[in-house]
Each structure stands twice: as C-alpha cells, then as structure tokens.
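Please read through the structure below; I'll follow up with questions.
We just call them A, B, C, D and E in the order they show up, numbering each chain from 1.
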Amino acid sequence: MHKIGVFVCWCGSNIAATVDIDRVVAEAKVQPGVVFAKDYQYMCSEAGQNIIKDAIKEYGLTGIVVCSCSPRMHEATFRKAASQAGLNPFMVEIANIREHCSWIHKDKEEGTEKACVLMRAAVAKVTLNTPLKAGESKVVKRALVIGGGIAGIQTALDIADAGFPVDIVEKNATIGGRMAQLDKTFPTLDCSSCILTPKMVEAKSNENIRLITYAEVEEVSGFVGSFKAKIRKKARYVKEDVCTGCGVCMSKCPSKKGLNEFNMGLNNRPAIYIPFAQAIPNVAVIDSTQCIKLNTGKCGLCEKVCTAKAIDYTQQDEFIEEEYGAIVMATGFRPIDASKFDEYSYSTCKDVVTSLELERIMNAAGPTGGVLLRPSDGKHPHSIVFIQCVGSRDVSGRGKPYCSKICCMYTAKHAMLIRDKYPDVEVHVFYIDVRTPGKNFDEFYRRAAEQYDVDYIKGQVGKVWEEDGHLVVRGVDLIANEQIILNTDMVVLATAIEPDPTARKVANMLTASIDTNDFITEAHPKLRPVESPTAGIFLSGVCQGPKDIPETVSQAGAAASKVIGLLCKDKLTTNPCVAHSDELLCNGCSCCEKVCPYGAISYDTHLINDHGVKETRRVALVNEALCQGCGACTVVCPSGAMDLKGFSNKQIMAEVEAICL
Amino acid sequence: MHQTEKETAELIKQISGSDVKKCMKCGKCSATCPAYGEMKFHPHQFVTMVAHGKVDELLRDGTVTRCLSCFACVERCPRGVEPANVVAAIRVLAEREQGGSNFVPDEVPALIAADNEIPQQALVSAFRRYRK
Amino acid sequence: MSVNDTVDTAVNAAAKEWKPKIVAFCCNWCSYAGADLAGSSRLSYPADVKIIRVPCSCRVNPMFILKAFERGADGVILCGCHPGDCHYSTGNYYTRRRMTLLFSMLDYIGVERERTRVEWVSAAEGARFSKVMNDFVAKIHELGENVKVGDLRCKQ
Amino acid sequence: MSLKKIALTELDRFFSAIALKKKIYLPVEKAGQYDYAPWEPGITYHPEVLHTVKSAKSVFFPQSEDLVRYKRSGLSLAITEVPPEDEEFVVFGVHACDVKGFEVLDRVFLSDPVDTFYKARREHGTVVSVMCPQPEETCFCETFGIDAENPGADVQARICEGTLYMEALTGKGEALLEELGGIVAETNEGKDSEAYAKAAEEHKKIMEKLPLAGLTTDGFGAEADLLTLFNRPEWKELSSSCLGCGTCTYVCPTCQCYDIREYNTGKDIRRFRVWDSCMYSDFTMMAHGSPRPDQLQRFRQRFMHKLKYYPDNYEGAFSCVGCGRCLQKCPVSMNIVKVMKTLGGADHE
Amino acid sequence: MQAISAKIIERAKELMREGTVTKVAGWKAGEFFYDAEPNIFETAESLDGLVYNRFCAANLSKYMIKNSAFESAGKVLVILKPCDTYSFNQLLTEHRIDREKVYIIGAGCEGMCDIDRVRALGFKGITGIDEKGDGKTLVVHTLYGDGEVNIDDVLVNKCEFCKGKAHKIFDELISDNEDEGPRGDRFEGVRALEAMSPEERFAFWQGELSKCIRCNACRNACPACSCRKCVFDNAASGVASKANTDSFEEKMFHIIRAFHVAGRCTDCGECTRVCPQGIPLHLFNRKYIKDIDEFYGTYTAGEEAGQRGPLITFTQEDREPNSVSDKGGN
C-alpha cells in the first residue's frame, strides 16, 4: 500500500505568483496513494526539509513528491532529507513546477493547471518507484589536469598541496600557456612572467606533480573515481631527462625558418628550440617539419654539439596509460583568426597586429626586445589605433556572439603602457562600450583616459588601408556624429578569444557537454560553476567561458578543491539508476551488448527456473559499476527484459498516462 | 493612406525585415559607409530613428537617396541589423507615396551639365522609380 | 437555429476549448537542462507542453510515444543532446535511427508526420528550447486534434 | 407448416425492413474477408460464402466486451454496471455448424452460474439460419450429427433457384416473419415441394462425397478412458508443429474461454472480458506459473476439452461442430481432424 | 519436386540410421495434398510420412530454437528452403540456435503455392492437387469438378517476390535448380502505398487492420518474433493486451511488432502467409527493409550469421528523423 506525501514549494513568490499553491495541494490530496500534502514557502530550507522529514515519520510515507524547482537543483537535497528520515532516497520524485512551469507561464490559471499535471505525473511515477541501493566504486587517488596554462598549473598545485598526485598533460613543449606570452597584467601592471614563472617552477619541483608536456590525451574511458586515460607523448627527439637546457644546439642549428609560436610568429626560431627562456621543462624540442636531419638524414649538428648527449633522432611517440579519479579540463583559449575581418586588412598590412602580438612586441623577451617598433619597417610609430570588439559580440557568423571580457582591460593596459613609455605616440581607441566590472578596473580605464590622455572614440572602424607607407583608418565618432579618417602607424585589433580547438575533442572524449561556442558547460551556471555535468570532470579557466587571470586562478583553486573533495573519499556511491535484465524474459540475443557504450553487458549461460520450467539459457548480465544508466539497451530489447532502474518502462509510461489524462 | 509616424516606422521594419532592436550602437555601419559625407543622417542613425519611431524627417530628407546600396553596412554589421535594407524600405515607401517625388524634371539639365556622360538609361529609370 | 448551426456552434466551442496535449521527452543532460534554462531565462512557451525527464534520448522507447498517442496526446516531441554531444557518447545516434524509422512508419500508416518531432537542444540553448516548443505547439494547432491514433476509450 | 419466401434480389428490402426496428447481423465483407457485422444500406448478402473468419458466436459472445466500469473521484470509487443487451436483434445467414455451436456455448453459459451478458443476447437475438452453400473438403459436421440441410434455429432458410425460403421454427422466429408482413410472401409451395426438397437432396449428395464424411468420434467422448487418452504418446508428435497462436480458438464456433482484464482510460477503469486461447502460454497463468507450461500440454488441453472433458460434463455432447475453419486457417495445418485420426478409432480403446 | 522429396527422405533416413541426427524437422503429409504440417520425426520409419511439395511453405527455422536448446539431446536435421536459411542465420546471429546441434539440408525450391489463392480463384471443395510435369500448372480436383491453375498465379506472396534460390547456410544441398536471383520488385506494394495520400494510406490500413483478431499467428509464426515472452503477453510490460478492444490496439501491436523486428526481419513472409484474415503484414516489414536500405545502405538480415543490424549501429551522418516525410518517391 502506497503512502505518498506531496510537498509543494512556493519558492517565495517564484512559484506562488503564477501557481495557485492551494489548488495544487488540494489536487494532490485526492491522487491515488497520496495520504499527505502540504505547502511551504521554501521547501529546500531547513524548516521545509523538516516538514518533509516529520511527515515521513508521522505518516510512514513510502514515497514523496516535491513540487519545486528543477530536480537538477534540489533533487539531491530532498533525497538526502528523505534518507535522514529513514525513507529510501530513490523514493523521491520532483515535479519541476518552477523552471518548467511558473517561470514560463504568466497566466495563473494555466500555470496552476500545468503544475497539477506535473504533480500528478510525479505521483504516478513515484508509486512505481522501488527503493534502490547505491553501489560502491573505488576512487583512484590521482588526478589528471589537461592543459598546462595558469589554470592547469594552479589546479595541479592546489591538488598536489593536498597530497594527491597529479599529472598535467600539456600539448606544447612547455607549460605556461597564454599567460607566459603576456608582458604585463592589468590592473596592477605587474610583470606576467614574474608572477607566473615561480608557479611553473613550483609545478616542476612539486613531487606530487608529473608534467607530461608535448603530449595529448588520446582516449578516456571509465567513470568518476576510475577513469582510464591513454596519453600520447609526442616524440621531441630530445631526451627530456638528459637535456640540460643549455641552448647550444639552438645557436648551432642551421634551419632557422620555423615561425616562433611563442612570439605569435612575429619572428623565427631554429628547428631545435626551447620555446622561451623560462620554459618548464627547460628542455629543447625538435620541430620535425623543419629539422634537416629528420627530413633528409643529413646535418645532425645538434647531436654533435650536445655535450649532454640528449639528442635522439629515433625517438618515437610514447603512450602512457594511467588511471585517474578525477579529470580537470584546463584547455584554455586562443585568439580568433583576425584575417576573417578583411576590412581591417590584417592579412595584408603588417602593421595591423592583434593584441597578443602587441603583447609580444612590448615584451622584453619579444622579437623587438621590448621596444615598440612597427613590424613592417621597424620604425617607431607615432600614432596607434586600437579597435575593440573585433569579432566579439558578433552574430554575423564571422565572430563570436559573446563578449570576450578581457579586451577592454588589456586595451586600456596597452594604451596606458604605450603612453607611459612613449609619450610621443598618439593613441586612439575605437570602442562600442567599455566594460570594466572588477576590482580597480574602472579606475584603471579612467586613468588611461584621464591621466594618460588616451583618445577613446565611441564608434567603430569601417576600413583600414595602407597609403604612402602609413595606415589610414576610417571610423565613426558617434558622439560627434561624424565619420573620421585617421592616419596612423599601427592598428591593434582586440580580437575575440575562443576555446582552444582541442577542447571539443577532449570534451567529447570525456562526455562533457559543450555549448554552441565550444565552451564546456558547467553543471550549474551559479551553483556548480567548476563542475561539468559529467561526474568527475571539472573545469578550470577559459575552457568554461572568457575570464581574466584572477578569475582563472580562483576558478582553478575551486576546481582543485572539488577534486580534493572527491579524492579524499575512499569509495564512491555509484548511480543506482542502472540497467537491469530480467533473466526470465531475456532472449540472450546480444542486441543490448552491442549498443552499450560502456561494455557493461556480458552474457552467461546458466540454469534458469522459469516458474517451474527449468532451462539452461544464455542471458544478459549488467555490470552495475560500469553501467551509467543511459538506457540505450532498454529499447533494443524487444521482450522488455532490459529495463532501467529509476526510469523503468512502466514509470515512464505512468508519467505519459498521467500527463495525457 | 495617412499614417502616424510610428505606423510608418513599423511599416519600414516590416518591409525591410530588419530587426532594429538588435543594434548595439557600435557605429560600424557608419564607419563603413562610403556615402557618409553625403548624408544628413547616417546609417546608425537611420536604424536608431526607425527603432524610436522617428522617421518622418528621414522620409522627407533626401538622405536615403544618397545611399549607394553597396551593402557594406549589411556585410559588416556584427549584429545582422542590415541598415541598407532599412534604406531600401524607406525608398519603397517614398516610391509608394504619390507626389512624394525626389526627382523632378527641373533637376535634369543641371545633372547633365554636371556630368555629360550620364547615361540616359539612368535618368529614365530614375524617373520611373522616383516620380509618380 | 438549425441543426447545422447547433453543430457548428458546438464544433466552434470545441475548437476553442481544445487544448493540445503535448508530451516532450527531454534528456537529462542537455534538453532538460535547456528547458531549465528557458525557465530561468523566462522564455515562455505554451503550457500544453509537459516534459518527461529521461536520462538520455535513447531511453525513449517507441512504445512510450505510441502510449502517449493512445492516451490522446496530440503531439510528441523528443529532445536530446546534439549528435556528437551525447552525455553517453552514442545514445542520440541510436535515437536518431530509431525515431527515423518510427516516424517513417507513422507516416506510412497515414498519421500526420508533424505530430512527432525530434529536436536536438543543448543545455545552453534555453532560447532554442523555447522556440522549438513554440513552433511545435503552433504546428500542432495547425494540425488540430489527433483523431487518427488514439484509444477511443480514453477520449470518451 | 407453411414457408415464406423472398427473391434473393429483394433481400435489401428484407434487411431494411428488419433494420427499421432492430439491428441485423450478417456476414459482411471487409478487405476480402467476411465477418458478422451489422447490416447497413449498401451491404449485400453473399449467399455463396461458406464461412466467416470468426464464427457467428461473435454476435452472442463478442471477442471483447465491458463487464463493469469504475470511476475514481477523489478517494472514493464509484462502480457503474454495464447493462446487458436489452434490444432485440437478428442474426442472419448462420449455417448449421454455427447454429450447433450456439448450443455448445449455451450449455456452458446458460447453466449455473448463468452468464447474464450471454443470456441477454441469446434472449434478444433471433437467429435466421440458412442451409449452407457448397460445402468444402474441410467440412465434417456430419461427424457430430449435424443435419446440414436443416440447420434449425428460430427461422430456418434454404435458398433454391434464386429464392430464399423461410420457415419459422420457434415463437421468436414466427414473430420475426410476422413483423415483416408483406415483405416476405406467403407461398403455397410446402416443404415437400419439388424444388425445395431437391435443393436439400443435392446438398446431401455432396455431403456424402466429402472426403471427411466417414470420420467418427470413436475413441472419444464420455465413454473413452480419460487417462489413457491423456497419456497417449502421439500427443508429442502431434503438438510438435503447434506455434501456440490462437487462430484455431478464435475462428472456432465453440471455444468459450475468456480472460478478464482491466483497462484504465485515465477517466475510468473498465473491466472487460476478451476471448482467450488455451494455446497461449499465458492461458490460466497463475502466480506460480502456468499449469500447462509446455505447448504439448496446451495443445492436448484444447483437443481433450473438445473431445473428452466437454462430453464428460455435458452428457456426451462434443464441443466441435465440424465447421472446418481450423483446418483452413491453422498456420501449420495442424487440426482436430488430424488429432482424431491419429488418436481415434476402435483400435486404441 | 517429387524427385527431391524422395532424395530428402532417403538422406534423412540415412543420417538417422548412422546416428548423425536423432530427429528430423520436416513436413508431414496431411489429409489433403496441400496441408502438410511441420513435424519432428523421431524414427527412421516415420520418415515415410515426410513430404516436400508445392505446399511446404512453412519456415522450419524457428523450430530449431527449441530443438537445439541446451537441454535438447542429440542433433536435429532440418530441411530449409533458400529463404528459410536467412531466418536461420538471423537466429544464429542472435544466439538463439546452437549451430552444433543442427544439421541442415538445403532443399531446392521452385516456389510454394498458397491454397488460399487457389480458393480465391473459385475452387471449392478441393479434394486433391497434382502438379503437372511442366512445372507450371496445378491440376485441382474438387467436389464440384476439376480445373487447372497456373502456378505463377497462386504463389505464396514471399515466393512471388522470391529473394533468390541460393541457400545462405547448409550442411548439404539437395537441389536441382539454379539461383536466378530475386523475382519481381518486392517493394512495389510499399511504393504503391507511399504514393498514396496520407488519408488514403490511413484508410487502407484502417480497413486491413480492423480485421485483425489478434490471434497472434503472425507473431508466433515469425522467426524474428521469438521472444520467450512477448511484451504484449507480459502483464508487467505496460502494453499487454489480448484482443483489439479498440482500433488503436491493433495499430500499436503491429507497429511495435514491425519495429521490434526492424533490421532483423528477413522478409520470410510467414506473417502474411499465416494471417487468417489475409492482412498483408509484409507491407510493414518491407517498408522497414526499404527504409533501411534507402537510409542506411542495403542490408539483408540473415545474409550471413554474425552481422550487425542497422538498429544496433549508426553513423555520424545519419539522416534526421524529422526529414522522413521530405523524401520523394525515390
């Protein structure tokens, strides 16, 4: 005999404003099996939870329905409350009358009616729920961080500090990422390298951290607590443990045509190189596309000059297979390709540069040694035009619909630094809006405009072209309501940022969901911002959305703390909503086995007693630790032997019936 | 048919199919416009004026006839607002309006004087379009 | 008033009163979250749509869809992660084949094709979710009440 | 007793006259097959059709019918009874085998406890039988003592030379013919008229030529030894082809088993009965399983019932009427004749 | 076929005597020429009752599930016609038959006849049928006189659209005919329906399906419908039903049945052949076969054992479900 309790939440006025709570409660009371129904302002509050717990005890409820917000929000809360009151947590169903009802329907009559239907469906389902017991699975006490930028480094350091081993997999030859390329950081203008390199060194020296650079994750299987990853460590043709990073090879290498990636291709580097002076590991790598020895078999100069005998032309890609309890995505970003915006002549005029290129030009370790020079002729520019929102907030398809968040601030930084160092240089900034939320951010921007006399022009640039050895910019000043033409020496494009292209591949591998812009989706935008909906996958840095360094670092720490929280556990309770095969109905046809993405189904032949008929049959068996509960197997099973706990055929059909009443 | 200014603006939106609310006032259209200097009002202003329902002056003023229909603004607009389509819509309205001609025979001699090479075809088609 | 008038009035009244019953199956990871986002973004769609949460679109058995029609549903829509984005890697690919065949069969027996639909809606596409639902409900209104597939006993 | 007659070409008038007052069921064509259905204008009677797919029993004992309905309002349950048939109706064109089938069902449904739904239909229904047209090789009604030429029922009819001759055998039958008044003509030709008798004679001749004409019920019936028959080893081979479908049962004029089920419409719950088949694996399923878990047992059950259990219960009457439907429709051509031939005869007693 | 029949009996007796097999699945002569029933012969002597003629359409492969089950002792000989071998392979794919326990004699087939089609030509009281030597004509003896029919006019639907006369699996062949490839366009019926308006299609199916008496002959004869317990028989499944109490139930039953066998149906045609109401059930299955061929590439279930069916695989480029109505005639 069912004894169902229904609890209707007002969610303050969120639900109560468009749903007549009293009617839902009254309607609930007459549902078959319902013995108790009550409403409360905030069911999720302690007082609300106590109402539930008390009712479970007092009425001996066998199942409860909470009509409230999305189950993605508070299902866990109410399950826990039920469990504390002695009711199996899987005897709880949520009727989502907020996100799916009160928030979208303005008409109270309509909202109330729908809320009643949703409640009815949940009651119909819960009467068919069965108590489920979660299984247990192991937790491998090791974490994997994909990406070795500031986000990945910070996450790894925090996890390592808590005593857990961490592997950082970085696709480039060194860790450091985008931050290593920056000259100064806003709004304090401190040197980027100066604050990043100690962290890089710390990552290298921390005994809990293993750096796997020049490597990519190839395959991931398993699930939270025990992922298995296969990592390809690309051949760098230099023995990592032998190379001393002396750099002699670099100076002797005769092939010097490779574009220097670290300097955004503004200058060249040898075929054997260390990406930058503070690279970690400070080990050379051979660019196999440029190396004469690897391409023709001749040369071998670097091998000759290397006193440490670190060169190995025969090196092959290696594979590392490791188990991890948790995986952090810190795959970062890249600027979008500015050449799509032909009006800015980026691909035709050398003096049109992106902000990241300017960053390298301004950097002491950059191609110009930190002196501001025009890329075309190496002359000192007298005027620079900055164009903001290049590809940001652009829904035309050429750019990105979102705000890249960091451009306003770095443009202010660049403008300020240039005016500070070279007061003779005129600086104009074309902007649409200047967005500066953040501690000391607006003050920073105003300083650029007021103290450094940067010319902020509200408007956009329509065209940039080259004329008589200088650039011409035609833009509009919307405040003055005039089209203006500026002669200038350099144009700097604040290009939008986008997730690193590897993010999509990695996300698919991890079955982490991804949004239309390829940013990884968080489990909840507010309450679980550093977790992916896929258990055991965490997000750090720009892979989740545009953010600046302080935000990245704090998110990295947050992700680390979530990982630590997970790794601290000895066992994980597994999702009990898994597939289950009724051996009396099973035909043993193997269809389910073939569609299972987790290899969770196997077969066994044994004696079965089918109501007195004893037969030896081949039947399916589900490994509950491997099953993730997708239900693909349930539909290919014609006899209905395969069903999903918590979402059984009958439960779903009961919901359908209740809805279509 | 007599219309209020707001109704005319609605009509322009309808004809152009342009969603003027999408404009984020960046000015890219005006920055791009090669006929900017010829105009009293500029592309970003057309859009704003239509959005605000203040279009009478726009219709009276000859600005829209200055538009070259080069569609640079449509091409460049990051929000897909399509200012040139707004212009086209205003032109259509002007054409529809009897007597609202923007091209009178008196202007012809001056035009020919200014540019001897002006094709006759251009003048004839201009009459067909703008004179009713 | 003639008999015909009475009938017409009754028909009109029924047409006015008729509210479509629409069942939406949404996968937990993408589309249900997309529906949540539509909710938190206050992007409305008709209340005729009632959502059933399933772990993955591949959990939806054709029997559920026929069951909905049996019980008098006027439209059934199935939403899942975009192909390639399935939380379970491959679930929606199977869904795609199954539903293609099921829909083809419904079409073959003469049931209006547009009563069933599959849409891929990600967790980030609240606006799309709302749009999809608005479109679908509009389509069902166009088609009118489902009289071809359904158990008459449920309609009495 | 005098006959009434009507030309076959006039049948429409005959049907519409009856239909004015009551429903009239007759074999109706639907996508190439015939089943009993109510007559409507436009439907023609096909006298040459020997068998409907489902027998005429479906009129008195429909494949499914509601027994009772409940409705829940709030937490209380209201029960609505489904009233038994209370309107008169006519069943037309029933052949001798199906008429005999009614008797088989009557013994079951009209004896204590009486099946009120069936009884009401029997009381309100007037059966007009017709001497069957050309019998098929699958016919063996004579085995069960059926007089194919005189099928019986309330009104007995025979077609000869384009005319339907009718003879009322019961009060109900008389009343029906009475009601029709001028629609059916009185005829001076009596039953002994030449044409009327000749039609029967010719029919009889064919009946004698039927390949199954000599089939007897020897070895079955009340006298046969139940256990011996039950334990005959031949059941195994006989049943080896059986697919366990319900075709034989559903086309049979005498099978009377039904299942009771419920259907929740969401608004009310309907308890209804539907034909069941002892050939089905879930027939008489109980909590512990099926009492006849093997198809052999289920197969045996059907034929034992027809040829032994029923005769034991009803004074030797068999519950087969030799219509031959199962011979024509069994997907694997297994049937009661093969069973009778294999297990019957004096040798095995 | 007389010659083959004699050879089959001889060979079956031989195999039984030498102990290779302990039972034989074949057809046993019935009352009339046309009503041989599938039978499991357990003695060599009883094999004299085995026949193989124009009316042995029944597909014996499904019987092999039970007869090769774990507890079933000995090896069974089964006679399979070319089309039956597809079903056999499909059952092997699904692990329903133990290949080790079955000995297959592939029997040549010239097309099977349908007694219902003979009757439909107006023959009543059929007491006997002879096949003429020309292999094209049947002589029908009836209570009301004799007549002849062209075999092509009375073929079983599956033989009218024969898939080909090659056996896909066998241990030995007894056949004297060659594979001539498929006969006719088996999708013509499906195409004709597709060309109709939705209303016409609906009316067509409404008419056909309303005859359904839910006797389950189609399901129980179907080698793909070999579930130990069908969802429609399982009270716990939520869709169990025993009879069509409403017009929806037969639709539900037939659509779900077609869906459950989609990609597994070998088009053996048994469903249509056995339907007592003459419902053209193959039009469901062939629709799915045609769809699968068009959408996912030609696939023949049972072509060989161990294939991966179209519903348990996918490609990333598969068509979208909403697009199914967009397709034209081709």
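Just so it is clear, a contact is a pair of C-beta atoms (placed from the backbone, for glycine too) under 8 Å apart; a residue touches a chain by one contact, two chains touch by 3 or more.
Not measured: the values here are computed from a predicted model.
K.L.:
Count how many hops through touching chains it takes, at the least, to reach subunit D starting from subunit C.
P.N.:
The distance in steps between these two chains is 1.
K.L.:
For subunit B and subunit D, what is the smallest step count along a path of chains that touch one another?
P.N.:
2
K.L.:
Average the C-alpha coordinates of each chain, average all protein C-alpha coordinates together, and give the chain whose average is closest to the overall one.
P.N.:
Of all chains shown, the one whose C-alpha centre lies nearest the global C-alpha mean is C.
K.L.:
Taking each chain's centre as the mean of its CA atoms, which one is farthest from the centre of subunit D?
P.N.:
Between subunit D and the rest, the longest centre separation is with B.
K.L.:
If I rank A-E and D-E by number of C-beta contact pairs, which comes first?
P.N.:
Higher C-beta contact count between the two pairs: D-E.
K.L.:
Once you find the CA centre of subunit A and the CA centre of subunit C, what distance in Å lies between them?
P.N.:
32
K.L.:
How many angstrom between the C-alpha centroids of subunit C and subunit B?
P.N.:
Using C-alpha averages as centres, the distance is 45 Å.
K.L.:
Using mean C-alpha positions as chain centres, tell me how far subunit A is from subunit B in Å, no decimals.
P.N.:
Those two chain centres are 46 Å apart.
K.L.:
For subunit A and subunit D, what's the span in angstrom between their mean Cα positions?
P.N.:
72
K.L.:
So which stretches of subunit D touch two or more other chains?
P.N.:
263, 266-267, in rising order.
K.L.:
Of all residues in subunit C, which are in touch with two or more distinct other chains?
P.N.:
Expected reply: 62-63, 67, 71, 84, 90, 94, 98, 151, 153-154.
K.L.:
Write out all the pairs of touching chains, ordered by chain label.
P.N.:
A-B, A-C, A-D, A-E, C-D, C-E, D-E
K.L.:
Within the complex, which stretch of subunit A touches subunit D?
P.N.:
Answer in residue numbers: 30, 32, 610-613, 657-658, 660-661.
K.L.:
Taking the complex as given, what residues does subunit D use to touch subunit A?
P.N.:
Per the touch definition, subunit D meets subunit A at residues 72, 74-75, 264, 266-267, 288-290, 293-294.
K.L.:
In the complex, go through subunit C and note every residue touching subunit A.
P.N.:
Residues of subunit C touching subunit A: 21, 23, 28-30, 32-33, 35-36, 38-40, 42-45, 47, 50-56, 58-64, 67-68, 71-73, 81, 84-91, 94, 98, 122-125, 130, 154.
K.L.:
What part of subunit B is in contact with subunit A in the complex they form?
P.N.:
It comes out as residues 22, 24-33, 36-37, 42, 44-45, 72, 76-80.
K.L.:
For the complex, which residues does subunit D have touching subunit E?
P.N.:
30-33, 35, 50, 53-54, 63-64, 134-137, 206, 209-212, 237, 240-241, 243-247, 249-251, 259, 261, 263, 272, 274-277, 280-282, 327, 329, 331-334, 337-338, 341
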